[in-house]
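Since the structure comes first, as structure tokens, the remarks are kept for the end.
As written, the chain order gives the labels A, B, C and D, with residue 1 at the start of each chain.
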């Protein structure tokens, strides 16, 4: 077969956004994270995603982050940028701004805060795609938007060339598999799972790639998992996945009830990167708490038993 | 008793935002709506609320709306403006902008899209209040934010002077009553219900006011309801409420499944105002559908039987 | 107008089910509770409701409870009995059994565990009503069944004489008011609120009665509230309601996270009745925890400040 | 290692319950389904599961179904029976009855209708296990019970020998994988997925078996999928899974909105079995609708293209 492979596949981590002790974007640390990911063999960079705390950033901060990552990357891999806004025209404004700063592709969710339906989201994605000249990915994340993008809508939008693919963080493996099957014959339509611990099964089912927050911590591990799957060595893929699931235990180290799930998960990634010497602090965006000393110690144990420090 | 009454009480409708046929903000129609509300005897104007389609507006549009309403109002009643953004620093930016344009007070929701908790929302409201010099109201709207502001947090923030009151659209009348009781002794702490058809009961329970979307259509009716309640004439209040509940039937005229609940409700208010000659079109923000001819006819019937046209 | 008033109106508490220290139904205590309620001036008794722990009882226990309450009541007020089962034919079996034991009317929920829809619940209530010869009330309790009975279905069933009324524990005061309005002209159709702290507003809106779990503790208080409302003395009704809302604080005494909301609320009612000398223990059905000594002390304080002990 | 394999693994379909045209249990058809499943190479039979419409059956009907299936099976494979009741003591009564009728193991959910928590469900499963002398499986089905069994509770119960395994219909593939990993070293602890279209991934992750409703229609297909996985031929497993996902399309043939999801899915399985000549009607339990002629035709097309008729 001589199909030209899509540019969007493989391991595409959602880049975390380091902050300095006083809460500013820590540009040198962000540059380090970007290098760490490229060194780990990632095939793309997803900037301004949920794991990047996009929702907690002002527009000025968002711009700085895109410029920084795009600058270090210098065209090595595609840079996919989230245009995370609540409604159509606001997404379009956001998309145009980040494209001007170097985005090779943009990612948009369904409407949120607004109470929408399938018809409105259909118009939403068509309006966005019509307004920009880069590929648009749909990001299905009902735990945040409280709207599940219907499989038949995603397939229709894919088939008509409105969207270039889907980042699935729906937590619904049944609809994910059904999407993979229904979209199988759409050329260059790429479907990514956003879930860290079920990547082997997602790839076995035909997914083109993975956007794992944990990929910030262990990009090389996800690359090995992806390569094993590509080679058809599924036992190896599953073994690597199980190891990564153990690393993922870092997100459960925060004391029960002390912080939001959001802060716990993203804070764990940052704390791991701090322990690995890649970023300077584990400071989170206002109003999220950061992991404390005890929680950091617990993460150290997990990283050590997995050979990451 | 010689308590100085709070400036924030009574009927404070969330002002709808008319658009022209081509989707721009229709400034003359917005001016007319504002006059219609002032003529109806409202005691405040809530601008950039959900009923105002704030979520669907760009920042440029938001600014134009605040300026227009504040201009017509010219200080007659307090102008309360929604700073509807997903996280703390973004709300603060928004709040500062609208205050510069004439907001006498701002309204902020819990975090959304972000998955937060009570501690984060506590910090959230404290950070916002510290950053601005006008009263801040908490807007509890879990159907949109998917986070219910806990009663004890609201009372704590009220007691410490962080927030000046609450706009409750929680749909939870039990917690609403408990908030009224728990906050009874906080001076100048004002609690509004956002629900159109249970205002008599809310006022009987001690609420200071109401922010009804339907108040755009029949501000005078809500004023009569409020006045009857103030006078202790509860039978009259209930009768007025029942009449307004019948007017509220306009929101159920759209054909089942044709449009989102959002578009149906707000579209019905706009269609009614169009039929009443106050605004020029019933056009909704992208990507929402507008009510069609049949639906408009059904609304005319309801308005006629209630003597509104 | 000379309409004969419905037999079902006023204060109809859901009778709690006392247990002995070893977990058996405590018949003498149950007899005492029944007398306490009749002495308090209730106009009906709701047996085998959620507050009666119906869900945690075996059929043998359910039968014993119905017989005991019906025996003490001896026809003084109507006995309404919950036929709480997950699907139609199981409800019918249950209903026939409790009617044979003395139920004057039965209460049935929507289907649960089963994932149903409006059409199935329509058939459900019609099948139940066709199978029994006592009035059937629909119990709308989506927090347990996860299905909200639609207003138009309830009105249709009422208008056709399938159901005799609705016990509303939906937590949705908007739909409750809309049901009251839509059902206004159905003769002898009785609508009860199941919520303890919003009874004044419910009666102002036209409700026929109230089924308050807290009515076990203070039946006379709810009777005074109802009588004030009947007399049109709404200020007095609201004052009584506010006092009852303070008594209701007993349900928040259990330490955060120690027990389920179910066990906390019902356990608080039982603990209050134990402190008042009406029942012997505050033991809950397996697997629920009972309130401990500290929590009991906190309840004593609330009862004392409200003059109940 | 010479561990004796658990008796509970492989393909264990939840047996559907055929009814006659007048709604009675169709015993000969049920015997046929049982033979069809045994012929298809299943390694166990799950009786009185959701797919068996257990929730819609009276106790008399439940007994008849267990006796019938156990009679045909005659000890060939283990018979696992659902004791589907809302609280502990009711489950225990149910369990004892079905064990007396031939159940080799029972399956119990969390509490439902009751609003419970982890502690109550811990006591719940311990009480059940203490009361019966066959293995107890936990059935995690939050879409019906609205309580997700926590992974750490399941692991604790497994490690202490309270439960023999888990049937997971949680729709949460992340927690499923984490359960597989956390329970890996518990001897003879068996974890089944209840989801039809993600079985290859579940087995790759280490699941011991699958309980697919669709297994009624194509037991041999699931057996081939399981055998391929056991043999490490994951490409073949995925191909078989994709074919079965196409067969699963039968559940989407009912016209949108005509019936509940429950009735649509189970009705599709029955209709397929009717078309295959295994059962006589596709009649559903009251109050569910059955599939109509058009829907039956659509199912025929799917079965034909998959070589099942």
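Basically, contacts are C-beta pairs under 8 Å (C-beta built on N, C-alpha and C of every residue); 3 or more make two chains touch, one makes a residue touch a chain.
Note that the structure is predicted; figures quoted are calculated from it, not measured.
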Chain whose mean Cα position lies farthest from chain B: D
Whole-Å gap separating chain A and chain C, where each centre is the average of the chain's CA atoms: 49
Inter-centroid spacing, chain B versus chain A (mean Cα positions, whole Å): 36
Residues of chain C touching at least two other chains: none
Chain contact topology (line, ring, star, complete or other): ring
Parts of chain D lying in touch with chain A, wherever the complex brings them together: 171-174, 177-178, 181, 195-198, 200-202, 204-206, 232, 234-235, 237-238, 241-242, 245-246
List of chain D residues in touch with chain C within their complex: 55-58, 84, 86-90, 93, 111-117, 119-124, 127, 143-146, 259-263, 285-289
